[in-house]
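Two complexes follow with chain A in common, the first pairing it with chain B and the second with chain C.
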Partner chain A sequence: MTLLEFASGPGLQWALWIFVFGITWRVVGAVFLLARKDLSKPRHRNTVRAGLGAVLSRSTPAHAFEKKIRFQHFTGYAWHFALFISVLFFAPHILFFKSVLGFSWPHLPNTIIMVTAIIATAVLIALLVRRATHPVQRFISNADDYISIFVVLVPLVTGILAFAHFGARYETLLAIHLLSVEAMMIWFPFGKLMHTIMTMPARFQAGTAFGRRGVKA
Partner chain B sequence: MRNDQFLGEYLRMQGVSRRGFLKFCSATASLMALPPSAVGQVAEALATARRPSVIWLSFQECTGCTESLTRSHAPTVESLIFDAISLDYHHTLQAASGYGAEEARMAAMEENAGKYLLVVDGSIPLGNPGFSTIAGISNLDMLKETAENAFAIIAVGTCAAFGGLPRANPNPTGAVSVSDIITDKPIINVSGCPPIPVVITGVLAHFLTFGTIPELDALGRPAAFFGQNIHDRCYRRPFYERGQFAETFDDEGARKGWCLYKLGCKGPTTYNACATLKWNGGTSFPIQSGHGCLGCSEPNFWDKGGFYDPLSAGMWGSRDALLGAAAAGAALGVGSALAARSRKKKAQAAEEV
Partner chain C sequence: MNTEAMSLQDFRDMLQQMSSDVAGRDLTDEDRVRRAKKAFAQKLNGHRAVDMDTCLQCGMCAEACPFYEATQDERYAPVYKFRPLRRFYRREMSPMRWFYRPFTRDITVADLKEWQHLVYDACTGCGRCDMICPMGIKISAAIRVMRHGLAGAGFVPSEMRIIRDEQRDKNTLFGVGPEQLKALVQKLGTQGINVPLDREQADVMLLTTAIEILLFPDAFAANAKILNKAGADWTIRSDAFEAANVGIITGDDPTMDLAVKRIVDKANACGVKTLLTPESGHAYQMLRWEGANEMGEPLSFDVLSMPEFIAAEIKAGRLNLTPQSNGASVTYHDPCRLARKGGVMQQPRDVLAAMGLDVRETPANRRENYCCGGGCGEFVLKSAAELRQKAFEIKKNEIDETGADAVVTGCANCRVNLMIGAENSGWDTPVTSLVETVAANLAD
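After this line comes the complex of A and B, so read on.
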């Protein structure tokens, strides 16, 4: 069995199983923790609106901190935007998603994907350097932060190299790219990458809880 | 051609002009990745080469490799070069049969010990010697016997090079490649199902020219022919870059000749010279004819997922297995939440006490 055969066969199978198992475990566990009746009398009935309000308000910088977190804020958006385009609109990726999900969507030309992938990589490296050098960020970072960045950065770099056929034979680069994606999928449910799924529901939940108590979020 | 006759002399007798011969030498030098200055040396070496003895053994195969070589197109300089070897044994092509044929093989082995080339097409079954025999001799025994005094072995076709179709899961005959059995001789893998005729003749031309085997890649294939993948040399590559794909074999994209990646083309992971040398005298190759590359020159190509599944689809298993993983995750999630609540209740109760 070649490295590519392993990466696109058993490696991918195990990574997907762990990915699906881990995510379901985390999400179902969190939902079941919530499923308790709140016996207090609500101050506001429309808690959904409050929840959505919290999702929006926490997606923009708080006015008081606007200047201080401007770099973090805009690079954060640039990184996520570029990553989503690179992952979700590259034709070979869509074909993989189609094989798993059973449906597909339009793709973008490779040139655009290459540009967004390079932007995503550059921004992530900049954020990593900042995290490692900024005193406050460094203080609040732990191994989970660095591992999470690493397992996302490696698939980006190997993806670009595989696309450009640079550095090694294509199938070797593709196998390394797949293995790095699999490492990311295995780490995903157990580290901070879980924010991909948890962030928005958590903001919504916090907003509804605040709304029920009459607190402006 | 007599065994003591020079190749150049023979070609002149066959009506091949000096220009035609030099053209072939240029092409051969180019294929072997030699500089233009080497063309003269190639021409001189080929013109004064004596034909080597070649023994061709066909094991578990479909005769496609022989068909490819002999029926691909009208006789050309390449095929004359092929004529110019002394093909002393080939049970599909030779007139002799039975005991006489085997005698010819034994005689060639004895007369040219240490100098003859052994060409093998087809895989070797290890499951049972009776699965494939020639003149009552098992493929395994015949290969070992004939390889013993060979100068080098050319494994023609993916079956001989990597086990090929007979080795496909579940490999009922226990098929293996030549290199799985012979480990003490130089082996040149000319893979493909079938291989490109010019590649076979190119390897022979290299042997005639230099008396050595060509530079090989990690899979034992001549690097000059298998050094680049189909995708990198494909004329449809610009469509891939622009994201223009044929979605079906008869849609607008297919008619416009767009990239066949979505239809399962394995060009990006397949190393062969199809996109440059092409087939039938350089007329076309599968992708040019509208069908994706099957990856036939790569090991285990038959077991790498569906021919029409895109390369990036992956062999990730079944949706049922994923649903099972999700169910197990959900069960653990519920269990974790209940355990957490229980712990919390106990802690509260302890506080109240």
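After this line comes the complex of A and C, so read on.
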């Protein structure tokens, strides 16, 4: 079995299992720690609306805070958009998703994907540098913070190298790229990449809790 | 009105005399850690679990915290203030605990000692961090769980422990009990202000606080005047008048339950339809939003803060205020627990506007408002004096930017802290109370 055969065969299968089972385990586990029903008389009854409002509103900082978190705000947008475009609209990726999901969607030209991948990589490196140098971020950071950046950065870099056929044989680069994605999928449920799943529920629960009291979250 | 109040200096002297070195409970280190963990486990529900699992450690919360802003000390980043709780969650309660445990250090008594400063001195639970978190994490709720853990472990700071024990064991605060209330009521009677004390049945039950009786009796008198003017069928009970709850401040559940139950039971016995909280942010949070949960059933009456009551009475035409014609300007300081944590933001502004005052907003206001610096009972802690003053300076600068003639607030705790901060820094902007301003402008 070649490295590429392993990476695209059993390696991928195991990574997928750990990815899906781990996420499910963690979400179900948190849900089982159910919160007690709030018995206070709500100021507004439609807390679902407030919850959904918070899901959206937390994507933009409140006016009083905007100036202080501008860097994180804009790098956050740049990073997520560039990453999603690179992952979801690259033709070979769509072929892979079709093999798993059974359906596909239009792709973007490779040149655009390369630009977004380079932007995503650059932004992630900037965020890594900030984490290592900003007094607060450096102080509060733990291994998870760095591992989570690393396991996302490597697939980006190897993906760019594979696309550019740079540094090694294409098959080898592709195999390394696949393995790095699998490493990311395996780490996903254990670390803070889980925020991908947890952000919306967390924002929603904040929105409903504040909405109940008549405060826009 | 002219009711004799304790001077601010006497009150400060009294706080100074409170020992900051009272021996705590005689617990072994193991017991302390075990009791902290027990409290953590009791308070970690699904909401907090989602919060623990969602934090990105981005550190943005530091940018909202007045204590970090004032010191630039990274230990004061709100995310760090609940670090032991997160470690406990990861080791003992997370669905991934089997994975995290070998990599996550257990809590030690040294941690608890260190976090006593971070959680009591360097956090007033103002919740400004809750508003900036891009994940929507209720950071202040997590820090409050830390207070519960520290209270369980016997790490409540001495000054807070003294007043907690006083409330729990004697049902008094700062030595103020039924006799002091009765004396004030009697004095007001001689000034023609009727206070219907200890009625068996009433539609409205007013609460007050020891600080109001000691320092701000004019605010108490103002409440009485407003209720009388509005024609309310009201009472205040000498056996259940204290709205302040040292349990919520310290994180001590038994005291919190006792103080809430005392009021709710009496309100039920009196057939009360509306319970009125005085100028106290945390009393409103406790009774309006947490009272039912503490009692385990919905309350049979409404809980209103004085600004809500006054605004509603004006709207209903039962209370008329005289518009001022001197062009005086004020700014309103939102008490955190009344505004951000209570939803009472528009009503006080409506009331001020009804008096024709030029209401100017601080750059950060309403849900983004800065804390006075000494909320959640922090103003009693000697160890927090320097930090508190620094946080106050931020608020002071915000108020100065408005150019207003005076600052009005709706919380006696905020008022004391603003006055002490002002005295320390030689700041001469008057700090006044909303209800006193209203009482001075009641129209016939």
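Assume the second predicted complex is superposed on the first by the 202 of 217 C-alpha atoms of A that agree within 3 Å, B and C clash if a C-alpha of one lies under 4 Å from a C-alpha of the other, contacts with A are read in each partner's own complex, and residues count from 1 in each chain.
By our rule, a contact is a pair of C-beta atoms (placed from the backbone, for glycine too) under 8 Å apart; a residue touches a chain by one contact, two chains touch by 3 or more.
Because the structure is predicted, anything quoted here is derived from the model rather than measured.
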| item | value |
| --- | --- |
| Partner chain in contact with A:R26 - chain B first, chain C second, else both or neither | both |
| Which superposed partner A:V100 touches (first chain B, second chain C, both, neither) | first |
| Touched partner set for A:R58, first chain B, second chain C, both or neither | second |
| Partner chain in contact with A:G76 - chain B first, chain C second, else both or neither | second |
| Chain B versus chain C as contact partner of A:R213, first or second or both or neither | second |
| Partner chain(s) touched by A:P92 [first = chain B, second = chain C, both, neither] | first |
| First, second, both or neither for A:N46, with chain B first and chain C second | neither |
| Larger contact residue set on chain A - chain B or chain C | C |
| Contact residues common to both interfaces of chain A (with chain B and with chain C) | 25-26, 28-33, 35 |
| Touch list for chain B against partner chain A, complex | 229, 231-232, 240-243, 245, 261-262, 268-269, 299-300, 304-305, 309-317, 319, 321-322, 325-330, 332-334, 336-338, 340-341 |
| Touching residues (chain side chain A, partner chain B) in the complex | 2, 4-5, 8-9, 12-13, 16-18, 20-33, 35, 91-93, 95-96, 98-100, 107-111, 165, 169-171, 174, 178 |
| Complex interface listing, chain C residues touching chain A | 44-51, 53-60, 62-64, 68, 72, 74-75, 77, 79-80, 83, 93-96, 99, 103, 130-138, 288-293, 295-299, 302, 339-343, 345, 363-364, 367-368 |
| Residues of chain A touching chain C in the complex | 25-26, 28-36, 38-41, 43, 54, 58-59, 61-65, 68-69, 72, 76, 134-145, 189-190, 192, 194-195, 198-199, 201-207, 209-210, 213-217 |
